[in-house]
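Step one of this worksheet: look at the structure below.
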Amino acid sequence: MPGTVQNASPFLEAEDIWVEFNGKPAVKGISMRVDRGEVVAIIGPSGSGKSTFLRCINHLQAPTSGTVKIDGISVREGKGGHPKSKELTQLRRRVGMVFQQFNLFPNLTAVENIMLAQVQALGRTKKDARGRALALLDRVGLEHRANHYPGECSGGQQQRIAIARALALDPMVLLFDEPTSALDPELGAEVLGVMKEMASEGMTMIVVTHEMSFAEDVADRVAFIADGAIVEQGNPKEVLRKPQHSRTQRFLKAVLER
Amino acid sequence: MVIFDIFTTLLQGVKYTLLVSFAAFFLGALIAVPVTAARRSRYAFVRGIGTAYVELLRGIPPLPWLFIVFFGLPSFGVILPPIQSGILVFGLVGGAYLTEIYRSGFRAVPNGQVEAGEALGVSRFYIYVKILIPQAVRTMLPLAIAYLIGLLKDSAIVSIVGVQDISALSLVENRSSSDGLLVFIVASAMYLILSVPIGIFGRWLGVRLTGRRKRTPEPATVTEAVMIR
Amino acid sequence: MNDVMSYLPTLLRGLGMSFLLLLALVAIGTPLAFLLAVAQRSRFSGIRWIAIAFIEIARGIPSLILLYLVYFGLPSVNLSLSSFTAAAIGLGINYAGYVSETVKSGLDAVPRGQTEAAAALGLGRGNVTRFVTIPQSVRIITPPFLSWIIVYFQTTSIAFAIAVPELMSAAYSVANANFQYLTLFIIAGLLYAIISIPGSQLTSVLERKRSR
């Protein structure tokens, strides 16, 4: 039940995230709050830092400064600047991630890909894990591919398997890093269909994407990032149709002319 | 038949050639595990130790190492017989080369594989066991087999300190025979014959381990191939 | 320390001989390697097979046995060579077997469009190889080629076995006189390392530059 309590303390909160590569800032103080069940689309030119920011949320990229808090859990720095591994693991189990290049494990079949973390990270029995994996494959329409290796599946199928893999840990939030950029439009549509369905079921999602129609139709909010900072954000229709900033206008014009 | 006589004489040396090269290979394969771990450590100091090991062991050729161990260690009271000296030296040197082979195997696995494992909360240990090693083996295996075949040939120098392998026996046989050239041709043929089944076994093992999967491993760079020889 | 100074000149003379042997084997082996690489790309299958057989044999035999074969074996067919010449030829053949593969992969890496363009200009096959393919492949070949030279610098040490007066022989003769085996072989080893380690660092820098 959405209520005032959650508004006071957001479900996911990234505060003042900075990332530097060799002294050059790539992300310059981005803050973002996401409520339970909200779908946020992040758009922006390539190299703007949007993927880097997304990777900070589950600490695949350690921020130079700033904190990420998810449902009350945050990662503090331990000895030697490395994050405390216990907190890190806790955080990552709450956050699922889907990558641009799928990153399925080619040495494991589809069902084994989905079982691995359930068994090794959550300690489920193999039988439970398999049952759950098959149910998830069914949900993304790929039960018949269960015993195939990723190399034997199309790109769209691989990405759907990757989504099922991310869902297997019952994450509280799913991160998508340009999930359709490596796919041609037809296969991308399969993946977007699955994502849309998950959004309608109330999954909290943060999606870095170039798919403006997905941002407009599915997202609750669109954030435009350029040069490592959020330029503007808000209702998708407003940001995409009537952008306030000239930077946003230029970007959208370039995208539409393509 | 002269060839037959030479062949049977040299056959006595095959067991020592095989013993030294295989024992050294397994010793090296073991040594390379901690050295590889050191070279992939997050701590610069530990990486430095790993790098120093690899560079030093490869920077000095095997023959000086062999002489250091065989002629030099006795001044510390450590006396190793020829065979043990040979196995130790080629094991230590092999550890350095196999470290590079292991590393090139890991490098050939895309970084996204580790990230996907981390994002799923899989521990570092299982990322290695379930994800990295099974994929890296496909790159490592042909290189390791090539190294073993190289070791079979390079191990010939242990004859210099007195191991009675194929090379040592061919030298003795040459002195007592009027067909000096023939002796060495037969010895050469024996090394060739020994390396063929190893190559075939390697290919068979490769197919067994990787046959069902389509993705081909990235080839090692040409210079890497040189280092491994 | 005084001791070391007293025999260092002997060791350095040995090192000089090692370099001389390296120079000789590279001078023999490099043209042979190019010849074998080009022969492997020949139109005539007979030539291709001869080249492949030569390469496989040159690489399949231990370098030590090749040295024995040339130095101790050839006299039985009335061909006696000095130990230096025998080492240069034996190691040169061995080296050519390996380097020809490097050269071949360099030649193969030159895009087809280049040879087609040259052929379209009316250049004959030989001239295409000579003026287009080889010059372009040199850039690709250089780093692994340098690696091979370092490998064979180290391999010259086994010429000890046929009594070429190179670094190992020098160290061995000094050690036999003063019984300081450990010191002598460590110094000899370090002399090899001082040259090979920076050498291999250099080639990996070159290779990284090239692949960029």
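Order as written gives the chain letters A, B and C; numbering starts at 1 within each chain.
As a convention for this text, a residue touches a chain if its C-beta (ideal position, glycine included) is under 8 Å from a C-beta of that chain, and two chains touch if they have at least 3 such contacts.
Everything numeric in this text was worked out from a predicted model, so none of it was measured.
If touching chains are joined by edges, the resulting network of the protein chains shown is an open path. This structure's chain pair with the greatest number of C-beta contacts is B-C. Chain centres here are means of the Cα atoms, and by that rule the chain farthest away from subunit C is A.
Rounded to a whole number, the gap between the C-alpha centres of subunit A and subunit B is 45 angstrom.
The geometric centre of subunit B is 21 Å away from that of subunit C, both derived from CA atoms.
Computed centre separation for the pair subunit A/subunit C is 54 angstrom, with centres defined by C-alpha atoms. In the complex of the two chains, the subunit B residues touching subunit C come out as 55-56, 58-61, 63-65, 67-68, 71-76, 153-154, 156-157, 159-160, 167, 170-171, 174, 178-185, 187-188, 191-192, 195, 221-223, 225-227, 229. Within the complex formed with subunit B, the subunit C residues making contact are 57, 60-66, 68-69, 72-77, 98, 102, 105, 143-144, 147-148, 151, 154-155, 157-158, 160-161, 168, 171-172, 175, 180-183, 185-186, 188-190, 192-193, 196-197, 200, 203-204, 207, 211. Looking at the complex, you find that subunit B touches subunit A at residues 42, 110, 112-113, 115-123, 126, 130-131, 134-135, 212-215.
Residues of subunit A touching subunit B in their complex: 58, 60, 82, 89, 92-93, 95-97, 99, 101, 103-108, 116-117, 120-122, 149, 151-152, 162, 165-166, 169.
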